[in-house]
Amino acid sequence: MLKGPTGCGKTRFVEHMASRLGLPLITVPCHEDITAADLVGRYLLQGGDTVWVDGPVTRAVRSGAICYLDEVVEARADSTVVIHPLADHRRELNLERLGERLVAPDSFMLVVSYNPGYQSVLKDLKQSTRQRMIGIEFDYPAGAIEASIVMTESGIDEPRARDLVKLAHAIRRLDKGTLPEVCSTRTLVSTARMMSEGLSARAAARVAMLQPLCDDAEILHGLCEVVHTYLSE
Amino acid sequence: MLKGPTGCGKTRFVEHMASRLGLPLITVPCHEDITAADLVGRYLLQGGDTVWVDGPVTRAVRSGAICYLDEVVEARADSTVVIHPLADHRRELNLERLGERLVAPDSFMLVVSYNPGYQSVLKDLKQSTRQRMIGIEFDYPAGAIEASIVMTESGIDEPRARDLVKLAHAIRRLDKGTLPEVCSTRTLVSTARMMSEGLSARAAARVAMLQPLCDDAEILHGLCEVVHTYLSE
Amino acid sequence: MLKGPTGCGKTRFVEHMASRLGLPLITVPCHEDITAADLVGRYLLQGGDTVWVDGPVTRAVRSGAICYLDEVVEARADSTVVIHPLADHRRELNLERLGERLVAPDSFMLVVSYNPGYQSVLKDLKQSTRQRMIGIEFDYPAGAIEASIVMTESGIDEPRARDLVKLAHAIRRLDKGTLPEVCSTRTLVSTARMMSEGLSARAAARVAMLQPLCDDAEILHGLCEVVHTYLSE
Amino acid sequence: MLKGPTGCGKTRFVEHMASRLGLPLITVPCHEDITAADLVGRYLLQGGDTVWVDGPVTRAVRSGAICYLDEVVEARADSTVVIHPLADHRRELNLERLGERLVAPDSFMLVVSYNPGYQSVLKDLKQSTRQRMIGIEFDYPAGAIEASIVMTESGIDEPRARDLVKLAHAIRRLDKGTLPEVCSTRTLVSTARMMSEGLSARAAARVAMLQPLCDDAEILHGLCEVVHTYLSE
Amino acid sequence: MLKGPTGCGKTRFVEHMASRLGLPLITVPCHEDITAADLVGRYLLQGGDTVWVDGPVTRAVRSGAICYLDEVVEARADSTVVIHPLADHRRELNLERLGERLVAPDSFMLVVSYNPGYQSVLKDLKQSTRQRMIGIEFDYPAGAIEASIVMTESGIDEPRARDLVKLAHAIRRLDKGTLPEVCSTRTLVSTARMMSEGLSARAAARVAMLQPLCDDAEILHGLCEVVHTYLSE
Amino acid sequence: MLKGPTGCGKTRFVEHMASRLGLPLITVPCHEDITAADLVGRYLLQGGDTVWVDGPVTRAVRSGAICYLDEVVEARADSTVVIHPLADHRRELNLERLGERLVAPDSFMLVVSYNPGYQSVLKDLKQSTRQRMIGIEFDYPAGAIEASIVMTESGIDEPRARDLVKLAHAIRRLDKGTLPEVCSTRTLVSTARMMSEGLSARAAARVAMLQPLCDDAEILHGLCEVVHTYLSE
């Protein structure tokens, strides 16, 4: 269970682990309309017959892959309950509609990620789901590391990367009430990419860091001033 | 991510860029009933078999086109989450139901537009979606430019075009509480077109600018007086 | 965009224009359950295959007909959004599920009607839809004209027609709070028809004008007295 | 449009008129789940093809029958909107999904019934539907007539029938707050039938008149005393 | 219409009457998801054709059986409206989708049961449904009879049966606020059965009478003391 | 009916009983989207025909297995009502859609589990369902037993197991308001497993006990201090 704000690197981490372990990675971006059937599988008509077609979770179990449920809180409770037998000592998947029960191979891993900031009374991981998981907290990387990430991903030089990170920290220090969310490492990287393609630092920050943060004209104006303080050109 | 009021030219801008870049443009007018399946594709019965048929987003990915989600906030969160892997460093599309994963060619572009004025607590772009985008703010064009647009699109002469723009500015200056939205460049153009087809300026403004703005008799009466101040005949 | 109370002649007007222009008229009475698919078309099973069948809007586009969405506010937002590309400069229809895009011929016209009185926060034409339209306001016809309509449609003589119209005006002058809606030209005509079939004016007004207006015993009693004041027998 | 409380004879009246006019009667008991498709028709699979099957309203139009929508307010707005073109001067039925438009023969009649007492803000006939109808108010028949109905339908003698009607009037005089609805002519008839089959008047009234009225023990006790006042044995 | 608390013997009564009358019994346990189609029937695909398959109510009508709708208030209004024509003088069933209308044979009987305690504003039998029924009130049987039922059903001796009944009466006397419902004859029987299988009276009462009543630790503790007062071992 | 907090061993208990009794175990993890059809069965298309396919409950009845509805309160009322005839003296299953009625063999057992802590007004077992069950309360095992479970399941030595249990008791003593739920035996076991794989006790407790409990930074900090008090390294 990977917890952390959007764009801090959860997905990247899972991709990295998968390649390190040499395991196939099956990602499911969760959303409100994902049903248990989308995860485990469904019957389709083929040649006039209804044929069962595995869903991503079932495929992951059969192939002993890493199954990654991205932004799992977006999915409705039902899908998470479906994975309970997979997530506890049973490590099995009930395919009620198929009347089959799969036992997961040792290599199979279930990874879920979510952003605690998004949780609400309506949308929350059930305790019975959480307690079947091991939790790892993620946050934006420390300054130096974040700067090096920005450099590697965009190709800009160190001083400009440092400035972007300083700017990000300034925005992240803002009172929670001001913004629904702060700028992520991802937005730093895309800002840096705009710069490496010739856009001025200020213009890049405006379109890639500020605009995604909010639509309120006043707040955007205030943020622009912050940008001008940290970015010279 | 193109932000701006209705009728200010967002769609025209995308069409222009598509032709400039010589890329095919696939537009999806978003609405509440658009499901992930409408975007990525679905199974259909053909010759007794269920055959997969690509949705517009999938077609855009395969053909490296510009995929334009018009009024994206109208769509439910689920459709936007579906495009996350396309919108970040992965640039890939998960077709869970097909069990396929497409990697987008370099020419593929994802453009979304919305009207910040329409957003609500219920309907809003998720931060995790926004932070995968670069944002460009649009507004009604400056007076001179808007007048020339009106002239080009309708064929009326400059003085009358200028009067229409002045009228529009007067209405746009009205207190936000009075009208849910102000008149757009689009309504200016359609007013001008009515004029070029012989309708008096005042009559044209009444049917093409005022009536679309609201149904309240009193407010309409007030707006008529504004029209009479700015349009002589 | 035709605005006006129920029974004031909006549909009759569209039928008249269609015959004057010699164009086919395709009417869609809108309601909550109309989906985008009902308007543009859907796949049906035929000989084991799924065959696309055009919806009324698509048929209207192909045949360059007048497409009339009656009581459009009854339909959910999604259907109106579907017609946006048809209603603006593009004049095209996106058939996502068919993967086709139709360009409307010049003769094609899109007409929508609705009753501003019915609009609510929940049900309302979106600004982005309204601003793609030209608006014409309708109201009950002036006394003399309404009387002549009643005569032509029912065959009763002028004095009795005049009395009915006077009665209608009296009821229409009632405080808005008393009745959800006032009696329409349509109900005047049906009252007159009952009379021409031998019913007394008072009895006809009771069943064709008052009963449809409300179910409240007290209010009905009050309205009866109004009827007796204006109709002698 | 027949208005009146449950069990006062609306359905009986329509059945009577149908036999008097020698017209077939097609009744549709309306309920929340009735869709436009249930009324006008739907496509069914036959021999691998989708074949259109008429709904009751369509059958009534084709055969020029009386179409009776029982308890129409139970149906959702959409079904009533579907009948608008049938209910006004057009007298036609749009079968959008079939792409056909039927014109009703002269003998076709549309009759709807409902209980004003059941209407609510949520469930109500739309004005645009009401104004397409002629309204007739029903109520429980006058004492003598109700007694004779009870006699004819059950075979009990006049004095006992009169007592039942007196009892009914006593209950109908009760304060509206006490009971959601009063006892109908229908319950009088079923009470009388129980008597003619040997049950005591009091026992019959208890099971056929009181129990259906409510479940509240105290109120039932009070009603029993009323019964004992009006029924000797 | 059988009214009474859960577990007081309503279903048993219907089963008894059916065997006494030598009529087949068709029971439908009602629930929120039961649709009109589940009751009257639906079309199924067979050999590529859609074939109509009768629902339980339709089967009961055709075979002149007793149709028992158990816990009818659980079903949504629509299903109950479907049976109206069956429940009044018409004694017929409209199979709209089949375009057929069945007349019920004399032996056909419609029995519904419900627990007045469960009714709510949301879920309630419509007056128009209730007034088509004859009502019989059920309650837990008198002490002696309940004891003999417990003995017959479980095989325990009279004194222990009497103690259980006394205990039940003590719990049933508790203030309504304390428990959502009291213990039923059914729970007495299952308690007695546990005893006849060797469990101590107190242990049996705890698992079969108390635990089903509530989950609140304090209340359960209080009830245990009541148990200890009435059951010696 | 097994009541108890998540992770206290309800499922393990059922698995144990099944193996002790030599009966097959059919588990259904319940969730909001489970319909009556998912439990009893549905029609599927095969070779162009609709073929009935049993659901898990039906399979359990036919094979005389133990049917275990895990977290039954998660399912909607309808599914539980479907099992009523199975849960009372009838011990039969109505397959309305199949028109079949199965009588359960003696070996058939119905077991449901739920967490009283999760119940709400919206989600609760109906009294009519509860009163058809025998209830057994579960809680976390006594200290010594819990420690031995932790040892057996993870292989860590007794002193460290005892420390973990002491820590768990400390957290379980916390005021209910602080945490939605406390740490379960399951989380103790997974913590111990992390330890036996080389993680320090404190680190293991943090990821396997604390992180799953909540996302609140402050509370997590407080819990860490508790951990440090009870776990030396």
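By letter and in written order, the chains are A, B, C, D, E and F; residue numbering begins at 1 in each of them.
The rule is short, and it goes like this: a contact is a pair of C-beta atoms (placed from the backbone, for glycine too) under 8 Å apart; a residue touches a chain by one contact, two chains touch by 3 or more.
Every value quoted in this text rests on a predicted model; they were computed, and no experiment measured them.
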Quiz item: How many angstrom between the C-alpha centroids of chain E and chain C?
Solution: 50
Quiz item: Quick one: chain E and chain F, Cα centre-to-centre, how many Å?
Solution: 29
Self-check item: Distance between the centres, which are taken as Cα means, of chain D and chain A, whole angstrom
Solution: 58
Quiz item: What are the residue numbers in chain D that touch two or more other chains?
Solution: 45, 48
Quiz item: Among line, ring, star, complete and other, which one matches the pattern of chain touches?
Solution: ring
Quiz prompt | Circular arrangement of chains, read from chain E onward through chain F | solution = E, F, A, B, C, D
Quiz prompt | In the complex, chain F residues that touch chain E | solution = 1, 3, 35-36, 43, 45, 48-50, 76-79, 81-82, 84-85, 88-90, 94, 96-97, 99, 116, 119, 126-128, 130-137
Quiz item: Touching chain A in the complex: which residues of chain F?
Solution: 6-7, 11-12, 27-34, 38, 42, 44-48, 53-56, 59, 70-71, 74, 115, 118, 180-181, 183-184, 186-187, 190, 194, 207-208, 210-213, 215
